[in-house]
Structures are given as C-alpha cells and as structure tokens.
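Reviewing the structure listed below.
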Amino acid sequence: MFSYCSDPSTIEGLKWLSCYLTTGKHISMYWSFGTVLLLLAITAPTALAFGFAGATAARSRIAPVSWIGKGYTAIVRGVPDIAFFLFFVIALDQLFEWIRHEVKCPDWTDPIRQGNDFVVCTEAKLPLGNAAAWVHDTYAFFLAVLTFSIVFGAFAANVLTGAMRAVPRAQIETGEAYGMTERQTFWRIMVPQMWVYALPGLSNLWMVLIKATPLLFLLGIEDIVYWARDLGATKTPKFTDYPHGDWRMWYFLALLVFYLCFTKLSEIVLDRINRRLTLGQATAAGEAQRKAAA
Amino acid sequence: MTCWDVISDYGLRSLGFGERLLPRDDFTICKQVVLIGSGMIWNVYFGTVALLAGFFLAVGTAVAKASANPLIRKPAEWFIFVFRGSPLFIQFFFAYFAFVSLKGAVPALGGLTAAWLGAVIVLFLNTAAYSAEIFYGALMSIPKGDIEAADAYGMTGWKRFRRITFPTMMRLAWPSYTNEAIFLFHATTLVFFSGFPSRGQMGDALYYANYFADKTFNPFVPYPILACYFIILTLIVIGIFGLVNARLNRHLPQQNRGKLRLRLNLIR
Amino acid sequence: EGHSVVRLGTEGAYPPYNFINDAGEVDGFERALGDELCARAELTCEWVTNDWDSIIPNLVSGNYDAIIAGMSITDERLEVIDFTENYTQPDPSAYLALADADVDLSSAVIAAQAATIQASYAAGEGMTVLEFATPEESVAAVRAGEADAVLADRAYLAPLAEAEADLAFTGENVLIGGGVGMGIRQSDTELRDKFTAAIQSMKADGSLNALIEEWEIGELF
Amino acid sequence: MSNTPVIEIRDLHKAYGQLEVLKGVSISAEKGQVISLIGSSGSGKSTLLRCANLLEDSQKGDILFSGEPVEWKGSGLNRRPANQKQLLRIRTNLSMVFQQFNLWSHMTILENVMEAPITVLGRDKSETEAKAREYLAKVGIGDKCDVYPAQMSGGQQQRAAIARALCMEPEALLFDEPTSALDPELEQEVVKVIKGLAAEGRTMMIVTHDMRMARDISDHVVFLHQGLIEEQGSPDQVFGAPKSERLQQFLSHSVH
Amino acid sequence: MSNTPVIEIRDLHKAYGQLEVLKGVSISAEKGQVISLIGSSGSGKSTLLRCANLLEDSQKGDILFSGEPVEWKGSGLNRRPANQKQLLRIRTNLSMVFQQFNLWSHMTILENVMEAPITVLGRDKSETEAKAREYLAKVGIGDKCDVYPAQMSGGQQQRAAIARALCMEPEALLFDEPTSALDPELEQEVVKVIKGLAAEGRTMMIVTHDMRMARDISDHVVFLHQGLIEEQGSPDQVFGAPKSERLQQFLSHSVH
C-alpha cells in the first residue's frame, strides 16, 4: 500500500503495523464488512416480506394456503440455521439449474443425475460457466440472501402471527361492525396496530440475524469471521512477509467491538421506531393499551 | 447387522458407551439415524440446562434493568448488551480461551474446558441475556391499568411483582420467549462446530451429521436427518411452551383460546 | 465449448498446499501447480475458494470443475468422485508436541482437526482424541496444554515446528493418506484425462519435482 | 313496504358455553322507531345488540333486515352467517356504539371518525373531514380532533364513539349505554341528537340504564330479564303501568 | 382529632404537557364525610381523584392525610412523592374504584378481590375468602366468583371493582363514577352500601354524573368547572339554590 512497505522485514513498530494492516488480504477483510452490512440490509426487508406472507397465509381461510403458511413456519423454524445452510444452498442452486434446464434444453436426453453428479446442459448453468468472477460472487450472494431470508422469514412469520393475535379483538370487531371487509379490517386496523406488539420480537430477531452472519462462510461467502480466522492464525515467515503468532484473539476482539457497535446503533434506531409507534398510545389504559412504564 | 444391533452399539455412543469406533464403511441410513440421534442427547442436555438456569437469571436481570437505581441497572444493561451484542461463537472463543488460562491457574477448575460444563455456562449466560431483554420488553408493556390498580391498593416491591407484574410479564413475553428457547436449542449445535473440542469422538448431532457428510460426501442424507430431529425437538418445545401459554392465557375469552389450541393441533 | 473456463476449487487455508497470500490471492504449491497444468492442457482456469466441509458436494453439484486442495486419494472419495493421477507421494502425518514434554503417545490426549483422516486414525489407535474445528485450534490446544500432541499433515506442521522453538515433532511419522490428486466429477472423464496427461508430462520433465522441492511438500517422484 | 320492520329479531337464542344468555328474544323495529332496551346488569342487553350486529353468532332464531333474513350455515354452536356479501351490506347500514367505546387506539379522534365512511362507503375525503368535524363539534369535542383516544377522559371517548357512529349516516343505529359516562348536560345533548336522527327516519335500538332517557326518547321499550323479554310496550305503558312484578320492582328504584 | 380532615387537598395544580387540567383545587373531607364531585366531562374529576391517590404527580399544592402532608421531592414537572413508606401507608388506607375498572385480567373475580387484603395487609386467607364472597354477594355477583373479568358484562365488572375496594376495608374510599354501568336497581344497592360505609365512619370521595345519587348520599358537593371549583356546599345548597350561572345551567338538565 505505502511505498515504504516494499520490504516489510526492515521496518518496525507503527510503520510495520500500517503496512500489515493494508495488505491485500486485510483490504479483502475490510470489504467483507461491507458484504455483511449489505447482506443485512437486503435480508431484513426480504425476510420481513417472507414473514408477512407466511403469517398472512397461516391465517388464511383457505385451508391449503393456511397449511402452506403454517408448514413453512413450523418446518423452517424447526431446523437450526447451520444445518439448513449446510445443505439447503446446494439444493436451492440445483433447483434453479434444474428449472432452467427444463426450459432451455428440452431436447436433452441424458439424465440429470449421473451417479453422484448433478449435470445440466451448459446453457442452464447458473451462472454460465464462462461468466465473470463477479457474476459468480453476486449469484452466491443472492443465494445467501435468499437462504437467510427464508430462515428468518419463518421466525418473522411467527412473531407477526403473535402480534396479529395480540391486537385486541374489540378493535377488529369494531371495524367489522362498521361494515369493513376482512381485507379492510386487516389493512386498516390489524396491520397498523400489530407493529407495536411485533416490534420487540422483530428487534430480537434482528439481533439474532446480525449474530448469524458469521455463518455466511458456510454459504460460500468470505465474511469477516472467515478473514479474522485466517488473518489471526499463526503465520510463519515462509508464506508471508508479516509473520506473527496466534493473533486470533486480537482479530476476534476487533470483531467483538464491531458487533457491539453495530448492536448499539441498531438499538438506538429500534428505540426510535418504538417511540414513534407508541406515540399517542403511550398512556393507553386497559388490556389493549400499553405504555412504556415511567 | 440389524438396526437393533446398531442401536445397542451406537445408541449411547455420544456419551462414550457402546462401540469404541465410529462406523467406517457401509453408512446405512439406520446408522446415520441412530448416531445422529445419539448426538441429540447433548443438544437436549445443553439446551435444557441452559434454559432452566437462564430463566432465573433472566428474570432477575430484566427486573434489574427496569430498576431506577443505576448501581443495579447499569450492570444489568451491560450484561445484556455484551452477551446479546456479540455472536455466540465469539463468546465461545473467548470463554474457552479464558477457561484454559483459568485452568492453568486453578487446576481444580479443569472441568471448565470440557463442553459439558464450559459450553453450558456460555449458553446459560447467552440465553439469560436474550431472555432478559425479552422479559424487560414485556415488563415495559404491561397494561398501565393493572399496575395502577396494584399501586392504588398499596402493593409494592416483591408483592406487586409476584402477584401482578410477573404473571402478566410472562404472558406477554411468552411467544417471544418460545422463539428464544428454539434459538437456544439450535445454538447448541455451535458447541462442537465452533466452540469446544469434542473428546473421544463424543459429540452432538451436528458433529455426527458432519462426520457422515464427510464420509459419504452426500450432504443430502445426514443433514436432513439432523433437520428432522430438530424439527421434532422444536415441536416438543413448542408443545410444552404452548401448554404453559394456554395456562398463562386462561383468562382470555373462550374463542381466542380455542383458536390457539387449534393452531397447536395443526402443528403437532 | 463447455470448458471454455475451468473453475478450480480450493480451500485456501492449508499452507503450503494452498493459502491466501498477503495480497489476498490464492497462493501455494497447488496454485503454481494448477496454473502450470492449465497452461499445459491449454485451458483457461479460474480459482475459487470453498469451505472444506462442502468442497466435494459443490464439485458434484457443478459449482466448479476440479478440486485442487491437498486432497488425498482415498477409496471413500473414489466412490463419489474421480481423481487424476496423484501429483504428490503419499503424504506423511506427524505428531507435534511441546519441545520439553515427554509424551507417551499410546496414552496421550491427541488434538486433531475434526473429521479428518488424522482424527479417525488416532481414534482407531485407541488414543483420546480432542477434535477442533480448525487446524489452528488444534495446535493452540497443544500450546495451552489441553492436548499432549497434535496429529496433522507433516507438511502443515513443519513450518510451525521450525518457527516456534517450544514446539517439536515427536514419535514416528505415520502414513495415513494416499497421494494427493485433483478431484474431478465422475461424469467429466474428458477433463480428468486432460489433467492426468498434464501431470504426467510434468512428472516426465521434472518440473513437478522442482515444485515439490520449492514448497517442501515431501518425497520426490 | 313501510310496514316491513327495518330490524326484526325472531326467537333468538345465544349461549356462552353452558351459560344461556338469550333464551328466545323477538323484537322488531320499524323505520324511524326508537327502541329502548332496559333490564338489569347481566340480563343480556349487550349480547342482544352484538347478536343483532352479527358480531356474535347466535344458535337459534332469525334476524331480518328490511325483511331480508340473514342466511346461516351450520347449526347450533356452529351456526355462522353464510353470505359474506350480505353480512357486509347489513353492517354498512348499521352502526354501533360500544359499551366500552372501542375507539381505534392507533388513530386520532378525527381519523377514527373518518375511517369507516372513507374506506367502507368510499366517500370523498375532504367532504368526510368536514362532516366528521361537524359531528365532533355537535357532541362537544370539536377541539379534540387531533388527540389520541388514550389521552381523553371517559366522557370524551364516549362522545367520540357516538360521533363515529353518526358519521356513517346509516339506516339504523345500535347504542350500548351511550350516555353512561356523560353528565346530565351532555346527556341532554345526546338525547337531542337521537331525536333528530329519529326525525330523519333512522331506526335505533338503545340499551340504557337511564329510565328518564328511555321514557323521553323511545317509541317502544323492551324490558329484558334473564334472557327473556319480560314485558314490552310504549313508554307510557311500561313506565306508567308496568304489569309484571319484576318490572315493577325494577322501576321502583328510579324516580322520575 | 376529629376535626382533622382525613383527606385534605390544598391548591392543587396538575397539567398534562401543555394542557392545564387542575388549576388550584382545595377540598377537605372529614371522617365519615361523603363528598361528591360533579362537573362536566373533561373538567378534571378523574384527574383529581388520581392525584389524591398519588397515582398522578401534581405540580403544585399539598395533599394531607389525617393532617400528615405528603412529602415531595423535586418541583414543578419533576415533583414526586419522596417517601415510599409514607406513600404505602397512605395507599393502604385509601381504596379506589377506577372509571375503567382496571380489574386484573389474569385473576378470577374472587382472586381479584382477595389479592390486596392478603398480600398487602397480610390478612388470613380463609377469612378473607369468606369476606370477599360476602362483598361479592353484597353487590350481587356472588355467583361469578370463578369467572375472569373478560367474561363479564360491563355492570358486573364495575360491581367486582367495587367489591375489591370494599374488601380492603380502608379508612377512605375514592369512587370514580361507581354506578355508570349500573341500572337504577343496582345503583340503589350501591347507594345503600355507601351509606352503610359512611355510617361506619369511612370517608369517601365520589365522582358521579348522577345528580340524584349525589344529592342522596353526600354531605358535601363540589362542582368542578374547567379545573377550578366553581361552587361547593351542602347538597341542599348546591342543588336547591345554585349561585353560579354555570352550575345553574349544568343542573337545569337534570330533573329531580
């Protein structure tokens, strides 16, 4: 990075550190912070959408739709995220390729499964075999986001279902009494009121989601923990210009600080949202109305 | 080798009983199911102990966080913040590191570096922090009228807490707390995956699933088996928590309760 | 052309075979080898890193076309994938312990990376195995006195033994794995043959031995 | 046509679990009629109104609106309204003021009043706002438009609930103790409003504990006792010459 | 001693944010006295009772119980009771019936009534149960002991709330519209109960909209208007010969 870094063995102290911390590998690590933040930024709304769809489906009058909603929450919520990540992404990827294969190569006669191998026609590969590296990375990232969203969507669905149920019956009933359709009571009364009840659960979920990002490396994304492990491991002079002992401790400490800061920031934002939601309801009395105790 | 033999050989392998060696060839579905199931003993153990112990610490911490006295409130806030704000595996990393150094200084504390004690302590603190935040949130949203009536009748402190605040707090927190319990059981898979070493090839369900995935190179058998076990475990957790929930909500008008029961039936 | 770009999957955390260098690129013995093989086979190659646990499932699923990650050729693996001809000799494993310790290997607590051939070997020998998620942690356990010795590939341990005075090899080397080869999908015989031919040509002109010597991998051909 | 009752209830039965609350009640209200329901606490007055609005499912008996009977499916404890369209049509022509007010807690008072006319009847927004403000002023809380329900006194909430029902301008209105939290002055205001509505030809059923008000405003008074109609008739009959012993006793406590 | 008022409020000020609700109210209630608070909706009656019970912090003025002034710390918007022990002592001697009842929803009615005597006063359990059942029977809901509040009608809930207050057997009681949801018959019952309590020497402050009841039971009537006491005096004075124009107008609507 800096001009004086050309021969690291001759420099010491802060200068050495400045060179060390700006190696290409470290830069990759810094980028991976961005990857994690981007993943969170995309996953959170997507998971919320999945959750909303799941919760809405679960309370549907039409039995099969309701089963799908309930099945989705029950099954996905039942599986530890690690176990899910260890086989689901590959399955998802194969599913997409299989669909493309059916569409793009209808004349293909060879079986898709050849022994252990999963073989689709070249045009069906996702991304195409000769696509640029960034396309592959983006696709992997997209799969990761999708997987995270499916998993956390199930939990969000659970929280939202609970919140919908927590809206006092009397409030919905009144809407019905005024001739609102089910749709109208849902969108005009239930949905605006449920956020107050959902927010604590969703905040908790957001915290858990932040804490789940270290599992990204299982999905083939090089995340901050991957780099911290790698960079912190003992480095012998043979393979690096910057040999050092077992420094994982320091790298993990840095991660700890990052996560704590990010959590703090989240808490501030969530607190603000909460204050806005309870505006005017803060002093509510009775079973329905709640208030942040003074 | 019939499946019965497999069960007697490997059913308690995760605790060190039965066959000394793990299967090396002929990875039948039966073997995978039995051995992964054997590993579930650890997951259940970690989860149950941490959850039960964590509950009490969580209630205490939640109340402390709601305290007006900063000497009580601040430590509770920091405890929740640190354990809720950092990923579990970083907690495992530092805990293991600390336990190893502690063992060097005080040999009597040797058990801490073993998963059965060390990991349980970390999980216990972790779930206590998350649950405390949930309970605190519930504490904050107890209907004003309930507290007011208690105040008006001169109920304070422990009395008001035990009779009015606590039952309502539990009722409000229960759905989220159920989620937390599920998360905790899921988190137990991290113990051997990125936390503590497994000794003598005794490990949890994920350890054995991983073993089979590594031997057969086919993730589509062992991990779904693991998933099934966890779905069953989760349903049991949901079932037990659902019973408690029904009890906590027994005062709600009939039709609402009916709905809840119906839902649980469907999931079961 | 189906193989207009051949994607090579590696782990990137196992020096000297493969690791990420200071610049953040894949480096090591296999990087040099792989680039040379691709040149000889007239293929355009691209490097991909992947977690060790899912490195084979991702190959058979078609996410890359070859594994070149210090993977020993074993019967178990051969049931699922094909290998090219081996490009190293069977790879010895070794025990590393504290330099001043007097370790009785038959009763010792041995640290190893979870789900490796070394871990199951030690378990098979009746030793008490402590399994860690990463090789780094298993070495750290020896430093901390949690384990008496660590069993791992000698090529991985050698630089550590060299760099740290308080660590030293103990006991005999053990031959667990076969030689290392490139893993290829079973349906992809064409690619396997191309790489095997390239490896043979490198063996023949001695350039493979030169690489093995340069990276201190082990025995020469 | 004018002889068809706007609301007609025939032999209605309703039970909560084991507890039989309504044991066969028949009432009919013609256009422009004001019917008062009186009776002691727990006699089933609120339940009757809620059944009339189809908020509670009844187990037996018929409910007719302008001669059109509510269609049912199932029977006994499983009886439900069968026709969603019909249900909606009925409810838009029927507004209710709840005993516990049930204002929507996430909306300001003005929003509470404007909500149903706009979303259900599809009325024009600015027109509705003007009308809502007018009704709120009419019940004396024109200055509380932008306040949330939780920040109002009991009587203010009750008046907001009345304004909300009025703003729907429905054919028929159901009031559950609409003046319980109001002082006599405001009560008179509400009585005036109700009389005005009756003059406009709107039909009303009013649950009340205030015998003076019942006498004042109703065309017909129904005395409910333990789930049955014990006595009914014109106010003069009911209050002036009660026949049943139970009603005599009930009335003996209120002075007029 | 008997001349020291049991509850004395001096120049009390209270505002919600910008809204000044009480602008300097003074009331004193001697032992065995029944004081009625009347006034239009939103005039601050509930707020006054809540301040008297120290549920709301007031910004200025004193509150004394049996001559003992409440100790404050801070001033203005930050004024809070300073002495927790004192607060408790006061509240155990003072029971309140809320306008919205505030029954504990997770307890049955019997449990609601038994709760405070047992946990706060440390009374014997079986004795309290007997007493609780007695009070519940007194207000006419002896058969609803094991029912949860959500399963009761409005009037039943209100009576349960009254029974809960009575079972504490406190020196003084605060009632916020205790008969709003009750029919005239039950109202008479409650009036009887209140008179009995007064005869036992208990002090009471009652917010009510029912002028007949106010006239019937009170020793002293206070008319609150826009946060100030507009007029006060004996029932005969206040109802028979109201001086202020505002009160005359207020009363003109109720017939006696």
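To keep things simple, chains are lettered A, B, C, D and E as they appear, and every chain counts its residues starting from 1.
What we mean here is this: a contact is a pair of C-beta atoms (placed from the backbone, for glycine too) under 8 Å apart; a residue touches a chain by one contact, two chains touch by 3 or more.
Treat the numbers as computed from the prediction; the structure is a model and nothing was measured.
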Outermost chain relative to chain A, judged by CA means, is E
Relative to chain B, the most remote chain by C-alpha centroid is chain D
When centres are defined as mean Cα positions, the distance from chain C to chain D in whole Å is 82
Rounded to the nearest Å, the gap separating the Cα centres of chain B and chain D is 52
When centres are defined as mean Cα positions, the distance from chain B to chain E in whole Å is 48
Where chain C touches two or more other chains at once, the residues are 53-54, 57, 60, 80-81
Going by residue number, chain E touches two or more other chains at 100, 102, 105, 150-151
Where chain A touches two or more other chains at once, the residues are 86-87, 90, 116, 248, 283-289
Listed in rising order, the residues of chain B that touch chain E in the complex are 143, 145-146, 148-156, 159, 163-164, 167-168, 171, 248, 250-254
Contacts from chain B onto chain A in the complex sit at residues 66, 81-82, 84-90, 93-94, 97, 130, 133-134, 137-145, 147-148, 175-176, 179-180, 182-183, 185-187, 189-190, 193, 206, 209-210, 213, 217-220, 223-224, 226-227, 230-235, 238, 253, 256, 259-260, 263, 266-267
Residue positions on chain D within touch of chain A in the complex are 53, 55, 84, 88-96, 98, 100, 102, 104-108, 115-116, 119-120, 147-151, 164, 168
So, in the complex, the side of chain A touching chain B is made of residues 67, 70, 74-75, 77-84, 86-87, 90-91, 116, 155, 158-159, 162, 165, 169, 200-201, 203-205, 207-208, 210-214, 225, 248-249, 252, 255-256, 259-260, 262-264, 283-293
Chain D partner, complex, touching residues on chain A are 170-171, 173-181, 184, 188-189, 192-193, 196, 279-285, 288-289
